[in-house]
Amino acid sequence: MDESVIQSKIEEIKVLAEKENINISKELDHLKAKYAPSSEDTWEKVLLARNIDRPNTLDYINLICDDFVELHGDRHFGDDPAMIGGIGTINGQAVTFIGHQRGHNMKENIERNYGWAYPEGYRKALRLAEQAEKFHRPVVTFIDTAGAYPGVNAEERGIGEAIAVNLKKFSVLKTPIISFIIGEGGSGGALGIGVSDKIYMLENSIYSVISPEGFASILLRDAERAKEAAEIMKVTAQDVDEFGIVHGIIPEVPGGAQIDPAFTAEEIKKTILKDLKALMSKTPNQLIRYRSKKIREIGHVNENNAKVQDLFGIFGKVFGRS
Amino acid sequence: MDESVIQSKIEEIKVLAEKENINISKELDHLKAKYAPSSEDTWEKVLLARNIDRPNTLDYINLICDDFVELHGDRHFGDDPAMIGGIGTINGQAVTFIGHQRGHNMKENIERNYGWAYPEGYRKALRLAEQAEKFHRPVVTFIDTAGAYPGVNAEERGIGEAIAVNLKKFSVLKTPIISFIIGEGGSGGALGIGVSDKIYMLENSIYSVISPEGFASILLRDAERAKEAAEIMKVTAQDVDEFGIVHGIIPEVPGGAQIDPAFTAEEIKKTILKDLKALMSKTPNQLIRYRSKKIREIGHVNENNAKVQDLFGIFGKVFGRS
Amino acid sequence: MSSEFNIGRKNKNNSSDFPNPFARVTDTTCRECHHKIKREKLVEELQVCPECGFHMPMHPYDRIATLVDEGSFTEFSQELTSLNPISISGYEEKLTQARGKAGLNDAVVTGIGSIDGRQTVLGVMSFQFMGGSMGSVVGEKITRAILKGADEGLPVTLVTASGGARMQEGIFSLMQMAKTSNAAALLDGLGIPLFIVLTHPTTGGVTASFAMLGDVSIAEPGALIGFAGQRVIEGTLKEKLPEGFQKSEFQLKKGFVDMIVPRAEMRKTLSFLLKTHESESKGWMSR
Amino acid sequence: MSSEFNIGRKNKNNSSDFPNPFARVTDTTCRECHHKIKREKLVEELQVCPECGFHMPMHPYDRIATLVDEGSFTEFSQELTSLNPISISGYEEKLTQARGKAGLNDAVVTGIGSIDGRQTVLGVMSFQFMGGSMGSVVGEKITRAILKGADEGLPVTLVTASGGARMQEGIFSLMQMAKTSNAAALLDGLGIPLFIVLTHPTTGGVTASFAMLGDVSIAEPGALIGFAGQRVIEGTLKEKLPEGFQKSEFQLKKGFVDMIVPRAEMRKTLSFLLKTHESESKGWMSR
């Protein structure tokens, strides 16, 4: 039974239910969303990923958590409003949340610097991740940024160093990490909180090494050709999932997550609970070994015309035999 | 045979040697310095400790090391010229040096902020100490500051936090640490690089919780009474040694170390080499346990009118039985 | 010595006879806005000015009463008193006066209590006792409190209020910074949480030691938190202080406190932190 | 493909037949000060402009020759070449062109050599090869180099020169940042040193990964080191760039490099670092 058949069946039931005055339309919408065919248009997805009404990190945290307390500051220089974090409970399980924070309007976006984080944002993220590690709390990150802030102050305070240190330390953090790309996953700024055991993309999110606009202006020599660039770069959740770089796609209702945030939040929550069950049965060594191997395998190279993977036996040395 | 007898014998030999045209005056000066009675005047010591010609951290490093490479920066915000550090070798042994850096003239002092370090100075010190720990290099620190910089920027970037973190991390650093108070050891700014396995004071150095001027203005209600305050506070090397807070006094030639920097440098070097021999035979756990116990024992309290020390059995729990 | 105080002292190891909370509170004029506040109102508001929100210094026993489950607090090291290590004339007299004024043996009360049934070591400083300055006794009691947590596997919660080091104890007071910070390092090594509540004012050597070493740092609104004194910065260096300099809100913005929590919500917040840092959650992980 | 290059390639695993240093250097006009420099002078000066001190990009084999003991270098993973993971049209042709131009299979050369008798894994990037951009091959070779150090207990020295991620490999190039940084984490866990030499220019994804993860970071004078490109900062955000922005001297002042070392002293400096980080010095300490 293919998706279009399911869709028409759902519509039939909906009409019946309305006739009988039974209110199951919300449930049906969800069912419908789950089996909705993805939009085939890449640029539409880019625009949806950037939609200002799209649920942001705090929206999802509030929808997912029983309780949440935000924690602030990097303990060195400042508190970056473009990167938030704290401790929440999901069905009683304590979890450290970290995420880029965008606004839903101009005022919020100015306050949040459009989700473009500074070095102190990445350092706050690391502080909270290490706090989680110390107390054996799992970490969930929400990625939602066009990139790290490309400004003079960010360079002065070492945005490159801050991201690099996060890539290094998250990759060997001794606690489970689950990431969700909820909107735009742009470049090093996205990856800076995106090295994880499990990473998912929302149905209408994108993930790319550079913005389509940047790619167009550099490689296509015309910033106006962003639409074309997005196609060439293969930035959609479906593309990146096919590359084997993410662990799955989180569904949204047709038209995008902003239409029914609770639906996507519920899907995220289920995914977290399912993954935590599996990840929390592992030892820290097993986690890090798996995480390292997964990262290690990404890339397409050949050697003497054969595709290679060469681990140099190093993992045994680093992790022992456990 | 008391010191004055030795002194007059030395003078006799000196006169004889000069008559015979034998050049042993330098050796005799050293001998003389070693047995010179300490100045009894506290304020004279305060002035000597602050003398602008007094050898500073880089002077001693250059006199002590075969080779030295300075390392810069805190990897977060900046490089503080008031706190220097790097790797040197002493008779082939690699050592990480850290120290406050004062100037010998107005220009140097402005550049070095008079040895008043900013938070980034203390964070650089910690970075280099942790680098030393990672590579099992011992650490030597030179303390020479009136205090941490009491300015708006220093507060904004968390001078209190920076010092606190150093106190915490130096106290459990898994490598030997030897400290020398070479001039003024003022307050938290001095202690920020002064938690060590062995700490020495130069003969004309001082160590205090607040400057004599500060003490006078707050407790004597008259900043002009600093001289009196210095007496009351017991800030000299001899006082602090008597309290059992330092491990010994490094001699200077009469008149102060600036008259013969090489003499004091040689004494420091001998002390480092002797201590390293002992400290490097210990395990990291032994070092930390000894260091923690030593710190733990400082203070004068009574409980039900009996002097107490109560370790709560915690050291066994923290360090195991090794 | 006030009679209220004697109630607490007499029954010091009997938590059910904990001194009546706020028994020492009287009608007061707010130091910030000069609003006059009746005793009953002040008690109801947990000594927060209803007019301007100023969080007034509290007596440690009053604060403990607002934080822990009723009857759950047992004090320890209460009998610890100071010597005069550098023989400062007048120090003993000053201590005796302070004892009478604050109704305490020194500037901190330490013990074990529970919040919503979860135990924590609790240390609460008193600004009334010689400006909450840290000498050998404060250093020793804070150190013992932290090591008690290490020894018994209990989280440690410290409520700070201090003008800094106790200068009358000279170099010994400086060393208490190292001592308390070392204790925090040992606790850290065991993976046991340290929660810090910064109240007005927390400055000097306390800020440059254990007060800045919390796994989570909470500040009360409007508290002055800093290392160097404002007069030193303005006076010696002729620097102009920015608006709100060294206040809680400033420290939040500068990244040094996790959150600002009004007094009325402090207990709830600590309860949440104790819950989410519980050691059961370690079960899944080999150390 | 130049004939000098072929000498190196033919005898790739035979260190005694290492390509002649500077065989590819020709008479040059300095790009910074437009001073004309004869080949002989340029070789003598290690490709540093004698007029203005500009440190010109070097071919990896030339740089290696200036750093290691003669005949001590053995290359590995030389045959690694790129696929076209996101099927970008024209990428294969671009790679072929770059191979011919730079005389390399991709933008980094990795191997093992010794400096004053002390072995180190050595990775040297080439800005001539597609702007030193990091795709799957660079990521894989850097990762292998770091893990080789981890496996054999050898220090790792990486000389960087890069415009950033190789956009033609899309998301796969982004992932090389994670891969190389993870390798650095594993090396770190074993307590083996990573030395980074930053040369002109080192930007983008290389700066935001392994290039900033050195235990000791050395920069050549005047090198551009940063994450965001200057045109992006000036263009998109209309920010004015301060004098010397993102240069080595700027990064030293901002605390991100340990020292600036002229090319002529690089070998001596690395030798000192290898000596003072030797593993024998660990003997006294149980791990």
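So that you can tell them apart, the chains are marked A, B, C and D in the order they are listed, and the count of residues begins at 1 in each.
What we mean here is this: contacts are C-beta pairs under 8 Å (C-beta built on N, C-alpha and C of every residue); 3 or more make two chains touch, one makes a residue touch a chain.
These figures come from a predicted structure and were not determined experimentally.
Listed by label, the chains that touch chain A and also chain D are B. Between B-C and A-C, more contacting C-beta pairs join the chains of B-C. Averaged Cα coordinates give chain A a centre that lies 50 Å from the centre of chain B. The mean-CA centres of chain B and chain C are about 32 angstrom from one another, to the nearest whole unit. Each chain gets one centre point, the mean of its Cα atoms, and the points for chain A and chain C are 41 Å apart. For chain C, the set of residues that touch two or more other chains comprises 188, 254-256.
Within chain A, residues 75-77, 157-158, 161 each touch two or more of the remaining chains. The complete set of chain-chain contacts reads A-B, A-C, A-D, B-C, B-D.
Residues of chain C that touch chain A in their complex: 188, 191, 193, 215-216, 252-259, 269, 272-273, 275-278, 281-282, 284-286. Chain B meets chain D in the complex at residues 67, 69-79, 87, 89, 94, 120, 124, 131, 134-137, 174-175, 280-281, 283-284. Residues 77, 79-86, 88, 135-137, 139-140, 143-144, 147-148, 150-151, 165, 167-179, 181-186, 188-190, 204-205, 207-213, 226-229, 232-233, 236-237, 239-242, 245-246, 254-256 of chain C touch chain B in their complex. Interface of chain A with chain D (complex): residues 148, 150-152, 154-161, 163-165, 167-169, 171-172, 187-188, 191-192, 194-195, 207-210, 214-215, 218-219, 232-235, 240, 243, 245, 291-292, 295-296, 298-304, 307-308, 310-314, 317-318.
Within the complex formed with chain A, the residues of chain B that make contact are 75-77, 119, 123, 157-158, 161.
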